[in-house]
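Same chain, two partners: chain A is paired with chain B first, then with chain C.
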Partner chain A sequence: MEQLLEILRELHPETDFEKETALVDHGILVSFDIVMLITRIEEEFDVVIPAKDITPAHFNSAKSLYALIASLEEQDD
Partner chain B sequence: MKTMLTALYEQANLRPNAQAFCDTNETLTFSDVERIAESAGTALLRRGARREAILILHERCAREIALFFAVWKAGCFYVPVDAEMGENRIRSILDRVKPRFAIADAGGRALLEKYGFSGELLDPDALTAQAPDMQALDAIEAQTLDTDPTYLVFTSGSTGAPKGVVGCHRAVVDYANQISKTLRVDSTDVFAMQAPLYVDACLKEILCALMCGSSAVLVPKKLFMTPVPLVQFLNEHRVTALCWVVPALTLISALHTFDEVVPQYLRTVAFGSEVFAPKQLRIWQQHVPARYINLYGPTECTGMSCFYEVDRTFADGERIPIGRAFDNTEIFLLDENDRRADEGEICIRGTALCHGYYRDPERTAKVFVPNPLNPDYPETIYRTGDLGRRNARGELEFLGRKDDQIKHMGHRIELGELEAAAKTVEGVDAACAVFERERSILGLVYTGSIERAALLTALRAKVPEYLLPKMSRRVDALPLTQNGKTDRKAATALLFG
Partner chain C sequence: MLFTSWAFLLFLAVLVPLYYLVPKRVQWIVLLLANAVFVGFAGLTGAIYLTATIVTVYLATRAIDALFRKQKETIAAMKATHTKEERKKARLGFERKRRIVLIACLCVNVGILFVLKYGAAIGRLSASLLHTPAFGQELALTMGISFYTFSSIGYLLDVYRETVETQKNPFKLALFISFFPLLVQGPISRYDILGEQLLAPHTFSGERFLSGALRITWGYWKKLIVADRLLVAVKALCARPQVYCGDFVFVEMLLYAACLYADFTGGIDITIGIGEWFGVTVEENFFRPYFSKNISEYWRRWHMTLGEWFKRYVYYPLSVSKPMRMLSQKSRKLGVGVSRRLPVYLATLLVWALTGVWHGSNWTFLVWGLLNGIVILLSEECKPLYARFHARFPRLTESVFYRGFTVIRTVLLLSSLRLLDCYATVKDAFGAFFSMFTTWNWGAVFRGGIQSLGLSWADYGVALFGVLAMFALSMAQRKAPIRKRIMAHGTTASVCVLLVLIGTILVFGRYGFGFDAGQFIYNRF
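And then the complex of A and B:
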């Protein structure tokens, strides 16, 4: 989780990612941010995020995003 | 054809009930668009609007496009503004233009009141409720010249103050001819519009509709975060043509979208504004059989000026050319001594040139200059500040910039604009904006007492989202060159290592 928070804070240091639960709906993560964010996550966690999982529900909070990454890591094992 | 209003009139007669522009709430046929233009145009005349700038601050929608034509019907020119441009940009536009009239929806009215707009606020619904006065509109049409202005589109300025590019009718008509020919548009084409309406990029889809009877669907901005629903949207609307900025196409190809869903109706994929990575283009080519066209052109020359239809496969590291000039436009390269060369600054001449920057003779004179290759009579060319070369095949290639302008998230940005905005934040002493081309990351190195988090919060309220730095660092002192100027290269290294 800490690793993910670091990536997010680098992009948006002004956001409290432990509290914010509407990253997409509040417009904190904006359209073309998402490519950079996903590319970083795929590199750092060595996972591939399937396009169908790129939804506001998964990206609205650090927690839900981390849950997605964890479930992808599990499938990998 | 003096203005594109003639083309609109023809489409409204030829195919009155065909879809012209649509958004998620409303579909406008060509006759709807003509009717809105006539009604609102008449209403503007009744209010006393004459050959002047009409500000439009409206939620991005099909109706806003029809209002652009209403402004032309009244013999005026529109200044498109959007809340997402941010407070700094909107205030400086109001400052420079001082429009007497603004057409604004509820959200726009609230914003303009907050910014102390002193002109008359016009409600778009009230304008379109007006009965058209054909005699008055015809009289204005007869007086309009093809050299009269069409719009002011504002683009980033290095001092922080944006530049208002003055478009004109004959350049717009020429662009409509060239872009529709290049894209081979016909009345069965459906465009999915990605561009905001406050940049000239949106002209492609709008002008093709007037020229050829094609239609355009405005893609909700939110879809550019979720690639699968985005492609589903294209299929639902049977979209045949895209003219998108590179990041929007990359969003789809880089995020494995084609594993789930593939656009089924696309025939034409045009891209521009940034360099397309060959890897991403190849992914598109493998999954979507279409014509791929690289477009290049500065706002100052009305939309696009140059095109290359992809006719081969590009390996990583290869440059996709920008190709050759549109018909009726010449592009040539000038070396440091202003001699014609195979490598140098990209310069443009032709009808496509706009009139220069609004109320800004100084910055106009710097780039709209007498043609150094023509000693015989006055002829103005536009110096783009872009560097290019001709490759062995005779195709033009874009190499980079002479100055600190960058392309980021599909927008043209002067690094100086971000620096100027940062310096208006209390607690910032000095700032240097930097850009890493490889990963397209905009960054900021600064000195002062303010924390990064507080700086970003303050900036968010002032500038558009594409101008927000994605990486930032506070330092004790900015690196300087031997001449005592901020050393941008060293600052870039400080941030990106």
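And then the complex of A and C:
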């Protein structure tokens, strides 16, 4: 989780990612950020995020995003 | 049948009572028949194209669904008897078949749209390049084809991604694809949002009817008092770029910004209000767009359903696609920053080129789309610079003055780009834009100039009053939806507001004999 928070903070240092639960709905993460974020996550976690999983529900909080990464890692196993 | 025709009002006057008088289980059939009547009024050709989309999307989604089920059964049966590799091979076989069905259906539907929208333009282009006679002829675009094709493709892709349940009844699917209020100019609706709502039984609610009536009337108010009035002047300005240059172009930018806003949001207000009359919540397409502080924000608040559609079905899949990933890896030698940016930047430009092309086959639209993309990318690149500026001058950048400046800057930037929408050629649009910096003719503008555009001073006065009313309403909407606040004052107050709106339309609206209340601007897209 800490690794993910670091990536998120690189994008938006001003945001408290541990508390924010509407990153997409509040316009903090916009489409541009999301794609950059996916590139970083794929590099760091060695997972592939498919297009169908790019939804506000998955990207609205660090917690939901981490859950997505964990489920993708599980699928790979 | 135009929204602004008496025939349409009569159509609604018959349909709404009928919808609530029939048994609830057949309400959706009444809506479907209403769609057929609405489409039938627009002509047989349009009905044929629409039917082709419904049939092909229905067959494709049923086939994809069947392949999913067969895959699950087959893989389950293979579990005890086959190796993991063999099961993977079988799964890939099913995936390939689904992809073939998907691509075939996409080809048919995008193909229809492509031929209708761009056939003649491609004919003209090839003729000019190859010096041969032009092939293809201008085909009349059928009503709402860009909107229902996109909604249908969205549903098809959602089924392919297994994010929605497949609709097994072709008539129920037909109801979603052909829902008549959306055929005029959208919004581009999603099946998971609209599909079930259209099929659900609805009980009449006087409060909802009144609320819907307020929204519809406000839509007509904007369209008939502001949009149709200002469009006369905008058309006159665009028709003679050599005469109306310099400061006339600045006037045109402002008039077109107000006109397009009143026209498009007015049409969507009518659509959403009609939806409410049938108990259906149609997606919002605008969120006070002219209050945006930059162009990216503006595009998240203007024609939101088109932006969402492109994001969901083109931008994200393209950005994370295999070729983009490979490109990103190959560009690593140019630096990490470049390799990370390349897929995003390419996808952004492609999506903006497509957004431009979606609006029409003219080169002006492609250039408009690409310029929007370039401005967005430049703003992204300048973000660190902005951050430094904000950190250096925090009091200034948090002031109302600075926020006002960013809003005005965004409106002017967008209005400049929209000149490409006004003129017939890219050359005319750029010529008009640059003439603002070389020709100073405010004198000519106010000494008879703007009176020669088909509107009187009284017309400009009414339009200005309309613009101020729209502005005031947008400001008021910041706290809470204005309709809720009106409705909270009770039925009598709401009816009074409704009557005032209708009264002002009757006095100041452009309608009736001698006027041609036009089609909505976005209907041509």
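Here, the second predicted complex is superposed on the first by the 77 of 77 C-alpha atoms of A that agree within 3 Å, B and C clash if a C-alpha of one lies under 4 Å from a C-alpha of the other, contacts with A are read in each partner's own complex, and residues count from 1 in each chain.
The criterion applied here is as follows: contacts are C-beta pairs under 8 Å (C-beta built on N, C-alpha and C of every residue); 3 or more make two chains touch, one makes a residue touch a chain.
Owing to the predicted nature of the structure, the values given are computational and were not obtained by experimental measurement.
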Point to revise | Most chain A residues touched (candidates chain B, chain C) | key: B
Exercise for review: Check whether A:Val35 is in contact with chain B, with chain C, with both or with neither, and answer first, second, both or neither.
Suggested key: both
Check your understanding: A:Ala67 contacts which: chain B (first), chain C (second), both, neither?
Key -> neither
Exercise for review: May I ask you to decide whether A:Val24 touches chain B, chain C, both, or neither, giving the answer as first, second, both or neither?
Suggested key: first
Review point. A:Pro50 contacts which: chain B (first), chain C (second), both, neither?
Key: both
Point to revise | Which of chain B and chain C A:Glu10 touches, first, second, both or neither | key: first
Exercise for review: Mind sorting out which residues of chain A both chain B and chain C touch, each in its own complex?
Suggested key: 27, 30-32, 34-36, 38-39, 48-52, 54
Review point. For the complex, which residues does chain A have touching chain B?
Key: 10-14, 24, 27, 29-36, 38-39, 48-52, 54-56, 59
Revision key, fill the gap. Listed in rising order, chain B residues that touch chain A in their complex are 221, 224-228, 247-248, 250-251, 254-257, 259-261, 409-410, 439-441, 452-457, 460, 465-466, 470-472
Point to revise | chain C contact footprint on chain A (complex, rising order) | key: 27, 30-32, 34-36, 38-40, 42, 48-52, 54
Point to revise | For the chain C and chain A complex, residues of the former touching the latter | key: 161-163, 296-297, 300, 311, 315-317, 319-320, 325, 328, 340-341, 343-344, 347-348, 376, 380
